[in-house]
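These notes open a run of structures that come right after.
The two complexes that follow have subunit A in common; it is paired with subunit B in the first and with subunit C in the second.
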Partner chain A sequence: MKTNAKKLKRNLFIASFIIPTFLFFCVFTIYPVIQALQKSFYDWSGMSENSEFIGFDNFVEIFKDPIILRAIGNDYFLVVGKVIGIMILATFFAVALTRFKLRSAGFFRAIFFIPNVISVVVIGVLWNFIYNPQIGFLNAFLSLFTEKKVDITWLGFPQHTIWMLLPPTIWAGIGFYMILMIAAIVNIPASYYEAANIDGAGQWSQFRHITMPLIWEQIKVSVVNIVITTLNGSFVIVQLMTNGGQPDNTTQVMGSYLYRMAFQQYHFGYGAAIGVMILIVSLITTFILQRVMRQEAIEMS
Partner chain B sequence: MNMKKWSTIGLATSMALVAAGCGKATPTETTKPAASVAPTAAASAAPTAAAAKKLSGDFEIQYFVGGYGDKWWKAVIADFQAANPDLKIKESAGPKINEQMKPRWIAGNPPDFVYIDGPELFDRQLVTDGQLDDLTDWLKDAKNVDGEKIMDLLAQKPQEFDGKMYNIPFVMSAWGIFYDKALFKDKGWAEPKDFEDFLAVSEKIKGAGINPFIHTGKYPYYINGGVLYPAIVSANNNDYKLLQDMSTNNLEAWKNPAIIKGLNKIVQMRDKGYIDKASVQINHTDSQSLFLQHKDAFIPNGLWLPNEMAKDVPGGFDFGFLPSITQDKGGKVVANTSTSTFAIPKKAKNKDAAKAFMQFVFSKKQASQWAELSGAPSNVKGDISSSKAPNFVKDAAKFLSSPDTVVVPTVSFAADVDKAMQDATLALTIGTITPEQWVTRVTEVVAKQKK
Partner chain C sequence: MTIKNPLAKLLVWIILAIWTVAVIYPLLWTLLDALKNNEQFFLNAPWALPKFPLLWSNFSYVWSKYNFGTYFMNSIIVTVGSTLLGMILSAMTAYILARYEFRGNKILYTIYISALMIPFALALIPLFFLLNDLHLINTWLGLILVYAALNLPFGIFLLIGFYKSLPKEIEEAAIIDGTSHYGTFFRVMLPLSQPGLITVMITNMLNNWNEYFLGVVLTNEPTKYTLPIGLAVMQAEMQYRVEWGPLFAGLLITTLPTLIVYMIYQRQIASGITAGAVK
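Moving on to the complex of A and B:
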């Protein structure tokens, strides 16, 4: 009897933590997802009280829409670019600031972390100024090395503008992942490196055989996080820097296309269907990524 | 006169001054208590239709605050409040108000009166969604507070949707091309009267190291409204019916060669290097700033531009306004108007007050006050030459009332078609598509709309 009462007390204690969190999660996460799913089966303008049930028509339309295909391509371009750019630079800076005992390491950590405390909106506006062809920093800087004033329209080339979105997003992401890497590296016992030194292993060898395998879990989590945040969060930077996909939809991503269809072209149901697509694409990508990286981890060990 | 009399006169004068002061001061709180505003002479003297029926209850007005500011709204609402002290007026206003009010429209709880302007509130969509009250019958006989028939006063009649009228244009702006008269005078450049002139002066401007033309590539509807549509009308022998047919998704209209001719004007400007390369990536504020800094000589815009940029206009800048620059030699000026309208939501709770307010605002007094306080002409006919409206507004009003001007009634395209045209025009300005491809692309979207 005493054991049962103790068990009940314990369960009530656990429930007092889980139930409010679960309810909160249901109301603010699960319910909107279900609502979006429901809206995706309707033809609804987003302003009307009336909507018409059209089954899977919105999803059929998505597969026929050439802009969606381009948007998915752009999303993956940003995912790959950001994963490569952020992970290489964040790891490089983390190693440099931990393994070489720099006196100014704290200063550099703070400097690299600053973009993470700035709002994405500010980052977008800031980089718009940097890229501005007439009054921007980039052209002014390049003009220092040329006789004629440089007037490159950085965000105006249909085929290349998507590349221009990588520097601001990578720049904004490095600091956070660098801190994660630093946390992982400082947890590696110093004796591992001492032993490697005694065995005559060089810095590169130590990085390859000690640092990388031991921070691999951290890298895995970081990559998955970058993929998810990019697929779901490129909208803001695209909206701010290229007004939702310009020029001529060449920088369109799924998030910005969702916004355009739902709020600018009054196809809310179609926008909801694009939202569901983003969810599906994110889940599939994350699943594949975790499988691939798990195999990689086994090979490394 | 004894001291007592002087004291009485002094006290009365002070009270009158205080009352006048109260009348001028526009209360800033969202909901106005009925008795807080003293009646102004004009408002109380008006033999209003509203006065015949005493208005009471809540009355909510939704208005977007953009380039025209909100000075006129504050003034007119204070006047209307004074004329209807029992009415509890609520202002739902601001630059984001359309977005903020959207959930209420969806839930069937809209305001009582709406000013359709700004993003996320589109008249055609509101009509399609059945959100607006059909004003056709009411408008047939509706008179303003001065007893004049509203329909007779309108310079531009309300747009009809399947033969019915749902919204009445009050703001009569026009798209066109701005330039700085002072700069042109200083450099000895002549104001262009046609496209040939425009190309000639642009060459001189380019020679002087200034970009001839800038637009906002992030919002290509500026170049569509200010250049392309007038060019299409000019190429169609000044007949604007083509634009109207295009807007109703008439596929035959989209085959008209005037569209290609119009697009070719933009191609000419592009190929001669007159379009500032920066245009493609900048927004309206940036393009307007560069124009004000004399880095660019011409900019397509609406009449709200000077008011919108008021804080940044350099001293000595003298706004010149041309409704169109794409007409051939001897051709008529084409003024593509841009109206912002007033409407009553179908589910408005106080329709009596909404209609009375409509009668109140469509008066010559309010129209003149609008021109002065917003810096744009209203849609109410009348001579504003003696008003305090800015010179470029008077110039524009002259153009709009001239027999040599083709005044194009506001045309609104379906949102998908409009967006397709914007994308295609931007692509045309940077040379990634041809005029023929422009037509093909947009026509595909039009065909889809028809289904």
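Moving on to the complex of A and C:
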């Protein structure tokens, strides 16, 4: 009898601690996600009376929509650019601030993380100012080296504007991944490096044969994380720096197109389908990446 | 190991110095530009120092004329509310999932962890209609609830790791002393998990203070904007009305609180990120 009462008490305690949170989570995360999946099969303008089941029509539409294809291409462009830019710099900084035993390592580490605590809106506005044709820093800086004043509208070239979105996003992302790399490097036993030193292995070969293979897991995690955050979050920087995909939809990404379709043109069903596309694209990409990078790890060791 | 080759050493130092400038420069010049008038923007190089008298009035101007005072208040309320709610809920769930065996434990864990992978853009449209139905559009409560939910998976993930690292004997001792389950959690475990809770608090705080994507959809009344939304609106207005100095003052008002929090809690932030990731 006594143990039963005890058990009841324990179960009540468990229930009282997890059920409120789970219900809350169901209402504000799981339910909206399921709704989005469901509404992607509807022609839906926002008023519930106007919603009509149309099967896969939204998705068929997506594959015929040149803007969404461009948007997916842009998303991939940003993913690849960010992965390359961030991972090279973050790994370099992490190695420099750990393996090279600099006295001011702590200082650099603290400074390099600062962009990660700044709102992406602030970053967008700041970089708009750097690119500004009249009063911007970039033109003024380049003018120092030329006779004529440089007057380039950096965000105005349809075919290349997407390139201009890479520097701010890389600038903003490095600190976080640098900290991850530092943690991974610090975890490598010092004896590995000592042994390599005795064998006369140089700096570069230590990096290739000890550091790289042992932080590969962390690199994998970081790359996947960059893919997810980029596909999910590039919307904001596009919204702020190129006015939601301008010029002429050439900088459109899936997130900004979802926003435009749903909240500016009231095609909520189509918007939901774009949301599902973002999920599918990121799942497929992370899956492929994990396969490819596992291969890579085997070849390296 | 230190670098022996002086040339290589110099190169490393140069790269580190360049990146330091690349990070500090925009912030420093935000401050200096916040003290300029339009004339100074157009006539001088961007790196020119502001002329005397310094225009500190840009700050009060943006605070009242562009409603940054209101946005600031909204940001404080929404950030504090969502951070506290998120922290409490994730601590309770993480404690149970880390310390109690029961049916469904694994499933719950998997659900919360998979949510880390979901693109939130997917939930955006239904969330808008849900909040609309609940009459929570343009309310502090609406943003608080959504932001708290957004932060739950990461908080749970991080705190599970933390609770698992605490020795089991502590609870056993408390139970033997006759402390109830609730007493054990609130009087023993919660105080012990303070370092983990602080990490969750700071990451949530930074996320919620800086959030824009959901905020812009869930508010459309200027009186309820948070700082990032107000700032984005102000920048859009610059096409018609050029007031660069006040815009930079607004940038600084938005950024300063997070910079201060970062400077105070720098170590916890770094250790929190690594605790969450290297596992």
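The criterion applied here is as follows: the second predicted complex is superposed on the first by the 270 of 301 C-alpha atoms of A that agree within 3 Å, B and C clash if a C-alpha of one lies under 4 Å from a C-alpha of the other, contacts with A are read in each partner's own complex, and residues count from 1 in each chain.
We adopt the following convention: a contact is a pair of C-beta atoms (placed from the backbone, for glycine too) under 8 Å apart; a residue touches a chain by one contact, two chains touch by 3 or more.
None of the values given here were measured: they were computed from a predicted structure.
Colleague: When the two structures are laid over each other on subunit A, do subunit B and subunit C clash or fit?
Modeller: Once both complexes are aligned on subunit A, subunit B and subunit C clash.
Colleague: With both complexes superposed on chain A, which partner does A:Ala96 reach: first (subunit B), second (subunit C), both or neither?
Modeller: Only subunit C; A:Ala96 stays clear of subunit B.
Colleague: Does subunit B (first) or subunit C (second) touch A:Pro247, or do both, or does neither?
Modeller: first
Colleague: Could you tell me if A:Thr146 is touching subunit B, subunit C, both of them or neither one (first, second, both, neither)?
Modeller: neither
Colleague: Tell me which partner A:Gln134 touches in the superposition: subunit B (first), subunit C (second), both or neither.
Modeller: both
Colleague: What's your read, subunit B or subunit C touching more residues of subunit A?
Modeller: C
Colleague: Does subunit B (first) or subunit C (second) touch A:Phe113, or do both, or does neither?
Modeller: The answer is second: A:Phe113 touches subunit C but not subunit B.
Colleague: Taking the superposition on A as described, I'd like to know which of subunit B and subunit C A:Phe22 touches: first, second, both or neither.
Modeller: Touch status of A:Phe22: second partner only.
Colleague: Look at A:Trp154 in the shared chain and tell me whether it touches subunit B only, subunit C only, both, or neither; answer first, second, both or neither.
Modeller: First partner only, subunit B.
Colleague: Quick check for you: in the superposed arrangement, does A:Phe263 touch first (subunit B), second (subunit C), both or neither?
Modeller: The answer is both, since A:Phe263 touches subunit B and subunit C.
Colleague: Flag for me the stretch of subunit B that overlaps subunit C after superposition; candidates: 6-14, 96-104 or 294-302.
Modeller: 96-104
Colleague: After overlaying the two complexes on chain A, where does the subunit B footprint on subunit A coincide with the subunit C footprint?
Modeller: 46, 134, 263
Colleague: Over in the complex, which subunit B residues touch subunit A? Could you list them?
Modeller: So the residues of subunit B touching subunit A come out as 102, 105-108, 120, 122, 125-126, 128-131, 217-219, 276-278, 280-283, 286, 290, 295, 415-416, 419, 423-424, 426-427, 430, 432.
Colleague: Taking the touch rule as given, give the residues of subunit A at its contact with subunit C in the complex, in rising order.
Modeller: Residues in contact with subunit C: 9-11, 13-14, 17-18, 20-22, 24-25, 27-33, 35-36, 39, 46, 89, 92-93, 96, 99-102, 108-115, 117-122, 124-126, 128-130, 134-137, 140, 171, 176, 179-180, 182-184, 187, 193, 197, 203, 218, 221, 228, 231-233, 235-236, 239-240, 254-255, 258-259, 262-263, 268, 271-272, 275-276, 278-279, 282-283, 286.
Colleague: Flag every residue of subunit C that touches subunit A in the complex, lowest number first.
Modeller: Of all residues in subunit C, those touching subunit A are 1-3, 8, 12, 15-16, 19-20, 22-24, 26-27, 29-30, 33, 41-42, 45-47, 89-90, 92-93, 95-97, 100, 102, 108, 111-112, 115, 117-130, 145-146, 148-150, 152, 180-182, 185, 206, 209-210, 212-213, 217, 227-229, 231-232, 235, 244, 247, 251, 254-255, 258-259, 261-262, 266, 269-270, 273-274, 277-278.
Colleague: State the interface residues of subunit A toward subunit B in the complex, per the touch definition above.
Modeller: Interface residues on subunit A, with respect to subunit B: 45-50, 131-134, 151, 153-156, 158, 242-243, 246-249, 260, 263-266.
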